[in-house]
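Letters A, B, C, D, E and F mark the chains as written, and numbering starts fresh at 1 in each.
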Amino acid sequence: MARVAVYPGSFDPVTYGHLDVMERAVRIFDRVIVAVANNASKNYLFSMEERLSLVREAARGIKGVSVVPFEGLVTDLAKKKGTNVLIRGLRMTSDFEYEFQMALTNRRLAEKVETVFLMPSERFSFLSATLLKEVARLDADISSFVPKCVEKRLKERMKRCASK
Amino acid sequence: MARVAVYPGSFDPVTYGHLDVMERAVRIFDRVIVAVANNASKNYLFSMEERLSLVREAARGIKGVSVVPFEGLVTDLAKKKGTNVLIRGLRMTSDFEYEFQMALTNRRLAEKVETVFLMPSERFSFLSATLLKEVARLDADISSFVPKCVEKRLKERMKRCASK
Amino acid sequence: MARVAVYPGSFDPVTYGHLDVMERAVRIFDRVIVAVANNASKNYLFSMEERLSLVREAARGIKGVSVVPFEGLVTDLAKKKGTNVLIRGLRMTSDFEYEFQMALTNRRLAEKVETVFLMPSERFSFLSATLLKEVARLDADISSFVPKCVEKRLKERMKRCASK
Amino acid sequence: MARVAVYPGSFDPVTYGHLDVMERAVRIFDRVIVAVANNASKNYLFSMEERLSLVREAARGIKGVSVVPFEGLVTDLAKKKGTNVLIRGLRMTSDFEYEFQMALTNRRLAEKVETVFLMPSERFSFLSATLLKEVARLDADISSFVPKCVEKRLKERMKRCASK
Amino acid sequence: MARVAVYPGSFDPVTYGHLDVMERAVRIFDRVIVAVANNASKNYLFSMEERLSLVREAARGIKGVSVVPFEGLVTDLAKKKGTNVLIRGLRMTSDFEYEFQMALTNRRLAEKVETVFLMPSERFSFLSATLLKEVARLDADISSFVPKCVEKRLKERMKRCASK
Amino acid sequence: MARVAVYPGSFDPVTYGHLDVMERAVRIFDRVIVAVANNASKNYLFSMEERLSLVREAARGIKGVSVVPFEGLVTDLAKKKGTNVLIRGLRMTSDFEYEFQMALTNRRLAEKVETVFLMPSERFSFLSATLLKEVARLDADISSFVPKCVEKRLKERMKRCASK
C-alpha cells in the first residue's frame, strides 16, 4: 500500500511554504521523499548541492522526510522508490493550470501514478519563489518567508550578484 | 498512520466521476469511507436511502470502499472513523474557490484534518451533477455519465417529476 | 456545409450583449437561428411569448437572424435545423466553466455538434442579466444595457412586481 | 476631496473579514460609512435591525466607522453622502467576476463613482458567509470567524431554525 | 460569406490538440488555412521550414486544410485570404486571458475580423507545448501527444540538443 | 490622513490604461505619485530616462500627478513619501494572482501599507504591454492604445530594433 510519497520540486530555495506541505504530508504518509529536481532547461539560483543541503537543514526537524536529488521523469523516480503517489502543494494563488497540466501529463506517462494535492496554510498561500528572490535582492526582511539558514544563504548570494 | 480516508459528498446521484475518484483513492489508502451527506438546508433529488443504495451498488466492484450516511461536521466523522484525511475530487472545471473555502474551514474546525485533492480523469472533468439532471430531464442518453443502475433510477425519477 | 448556426439562450430579457453576438454571428454564418429556451426547472421573469417577441423586435434590424422557441435538447434542435453549429457568447467575465461543461455535455450527446464561442464587445463584457434585473428593480437608468423596447417592458414588469 | 468612503454589503452577519476591511479602510479614508443593504429579492438570515445592530456592536472599536441602512442604488447613497468612493473587500478566493460586474455596472450608473478594492488579511481570505452559516448550523466552534456578539446571535438563530 | 477561416499559431511542433481543432474547423468552414507564424521575438525549437513540413505531413488526412507560413499581423493575412474569421482552440486549461487580449487586440486592428473559439477534445485539454518538449527531453513516451512524424523529429532534436 | 498615494509600475511604455488609472486615482487622492521602477533583473525596452519622460509628457494634463524614478522596495518609497497607500490597476484580464502575491508580500514587509486596487475602463481591460510591443513591431496602428508621444517613440524604437 502507498505508505511512501514523493514530493518533487525545484526548492530554489526551500521556503516555509514547502516545509508546511512536508509537515502535512508526513501526517498522511509514513515516509515523504523530497525530490530536488535538476532540469537542464532551467536557470537555478542555487546549485543542486546547495538546494539539497538547504532542504536537508530546513527539514531536519520533520520526522519521516528524506531528501534526494533527481534528474529525468518524476514518474520514473516514483517507480524506483516503489510508490505511486506524488505530492504537490496547491496554493490559493498558485498556477492551477500548470499543476493540472503536469499532473495529467504524468498520468499519461505512468497511468498508476497519482498526484495528491495538499493545501499549505493560508499564511503561505501568497509566497512565490520569484517574488521572494526579488525582495531579497532589495535587501528586505525575509525572515517570515524562509528559515534562518536559507535567509543567510540567500542574502549572501544576492550580495555576490550585486557586486558583480 | 493514515490508512483510512473519508470521501464526503452529496452523491445525488453518484456519477462515473465520483467512481473514478474512489478508484484512485483506494490505490493510495487502505480503506476509503464514502460519506453520503445529509444537509438539512439542501434539496436533494434522491433521498438518503436512495443515494446510499446507489453508491453501494455502483461502488460494489471497488475493493476497499465502504459507504456510510452522515450528518453534522465531516471533521467529526473523520475523528470518529480514526482518520485525519478527507478526499475531494478537483475537476479541471470545478469550483476551486468553494473547495478551498471548505478545506480551510474544515482545517479551522479540526486542525489536524487534511484535505487531499485528487484529479479525476479528464474524461469526467466536465461532468456536473446539475447539468446531468438537466439533460436527464430532457430524456437524453446519459449512459456515458452514470452507471446503469443510476441511469435507470434517474430516468424513473424524471418521469415522475414530469408527470406531476 | 455549415451555413446555419443556432444561438440558444434564455434571453430573459435580450440585452445589447446578445445583440452584439448576433451581429458578429451573421458575419460568419448565412443564417443564425436564435433559439429561445424553455426550461421547466427555471424561473423566468418573462414568459416565452414575451421573450420571443422582445428578441424579434430587438433583432429586427439584423439581417439573417430568425427567432424560434424550443424545448428539449439544443443538440436535437440543431439536427432538426440541419446544422452542427451552436453559438455562445463568451464574455471576459462570464462563467467559462459552465459554458465548457455545457459544450462538452452537448458534444457527448451529439458528437458532431460543435460549439463556437464568440466574444462580444468589451463594452458588454460585464453585462449580467441578474445584475440588470437588480438595478432595473431599483429604477436605475438601464438604457445603455438594453434596447428601448426591452427597457420599457422591464420597467413595467418591475413596477408590477413591486406593487404586489 | 474624497475623505469619505461607503462600504456597502449585506453583512448577514458581519464577520472578522468585514471588520478587517473596515480597519484597513479607516487608515485610508477619514470616515467610512458601512451601508447595510436591504435587497427585496434576497433572503436574509437576520433582519435589517439585527444586521445593523450587530455591525454597530462589532465595529464599535474602529474609529471613523459609522453604520447606516440603505435601500436602492448604492451609487445614489454615495452621492447623498457626498462621496464618489465605494469600498469592496477582494478576497483571494472571492468572486472577482461578480465584483467586477457590479463595479462596472455602478460605473455605468454613476460615471464618477469609483470602486476601491481592498484585500483583507489572508487569514480571512477563505471566510464565506454561506459556509459560516452552514457550520454554525452544525454547532461548530465559530469563534475564530466572527466576534462574540455575532457568535451568540448566530447560535440562537440556528437553534430556533432547527427546532422548527 | 465566411467559408474560409484562418487558424494561426506557432505549431512548434504541431500536436494532436492542434489536429483536433483542425478537424472540428473543417466541419464548420469550407476551407481552413493553417497559418504558421514567424515572430522575430520568439525562440522556436523548429525552423519555419520544419514546422511547415510537420504540419503538412500531420494534417495531410484532413480534407479542406491548407498550410501557409506568415509574418506580420494575422489580421492582414485574413484580409489577404479574403476572410474575416480567425480560429483559436480554447483548452479548458489554456490561458483565457492571453487569448482574450489577443482577440480584442486583433479586433482593434481590424474591426471586422472575428475570432472564433473552438474547444478541442477534453483528451487534449491539458496538452501544453512547453510540457511536451520538457518530457520529450527526458526521453518519455510521447506517442499519445503527437503524431509519429512529430515524435521522430522531436526525439532527434532533443538528442542533438543534449549532445551539445 | 492618506491624501497621497503611490502608483508604482514599469511603464515600459505608459499606455492609455495607465493614464485611465491615474485619472481615477486623482479623484480619490489629493496627490498621486507615479513611481517608475528600475528593477535590475528586468529587461526594459525603454531606459529609465525615456520611461520617465514619456510618463511625464503623457500625464501632463492630469492634475495632482507627479512622476518619480525609484529603485528598491516600493514600501520604502511609500514611507519616504509619507503615505501608506499603493495603487494598482486591476484589469479584468490581468494577473490577479501576481497582484495578490505582490500586495501580500508588501504587506508583510510593511504592515501598515495598503494596496488599493482600481479598475480601469473596460476599454483598456485587454491592453497588455507585451501584446502592444508585439503589434507595434509589426507596424500596426496603435493609436488607440497609447498617446501620440508614446506611439512615435515606440515606432522609432521598433524600426531601430528591426534594422539591427
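Operating definition for what follows: contacts are C-beta pairs under 8 Å (C-beta built on N, C-alpha and C of every residue); 3 or more make two chains touch, one makes a residue touch a chain.
Just so we're clear, the structure is a prediction, and the values are computed from it rather than from any experiment.
The greatest centre-to-centre gap from chain E, using C-alpha centroids, is found for D. Same interface as C-D, judged by over half of the contact pairs sharing residue numbers, among the pairs D-F, A-B or A-E: A-E. Chain centres here are means of the Cα atoms, and by that rule the chain farthest away from chain B is F. Put simply, the C-alpha centre of chain E and that of chain F have 33 angstrom between them.
Our note on geometry: chain A versus chain C, Cα centroid distance of 47 Å, whole angstroms. For the pair chain B and chain E, the distance between mean C-alpha positions equals 38 Å. Multi-chain contact residues of chain E (touching two or more other chains): 92-93, 100, 104, 122, 126.
Pairwise chain contacts present here: A-B, A-D, A-E, A-F, B-C, B-D, B-E, C-D, C-E, C-F, D-F, E-F [touch as defined].
Those residues of chain A that touch chain F in the complex are listed here as 93-95, 126-128, 131, 134-135, 137-141, 144-145, 162. Taken in their complex, chain D has these residues touching chain A: 92-93, 122-123, 125-126. Contact residues of chain A toward chain B in the complex are 1-3, 24, 27-30, 84-85, 90, 92, 96, 100, 103-104, 107, 112, 114-119, 122.
Contacts from chain A toward chain E in the complex involve residues 39-41, 72-73, 97, 100-102, 104-105, 108-109.
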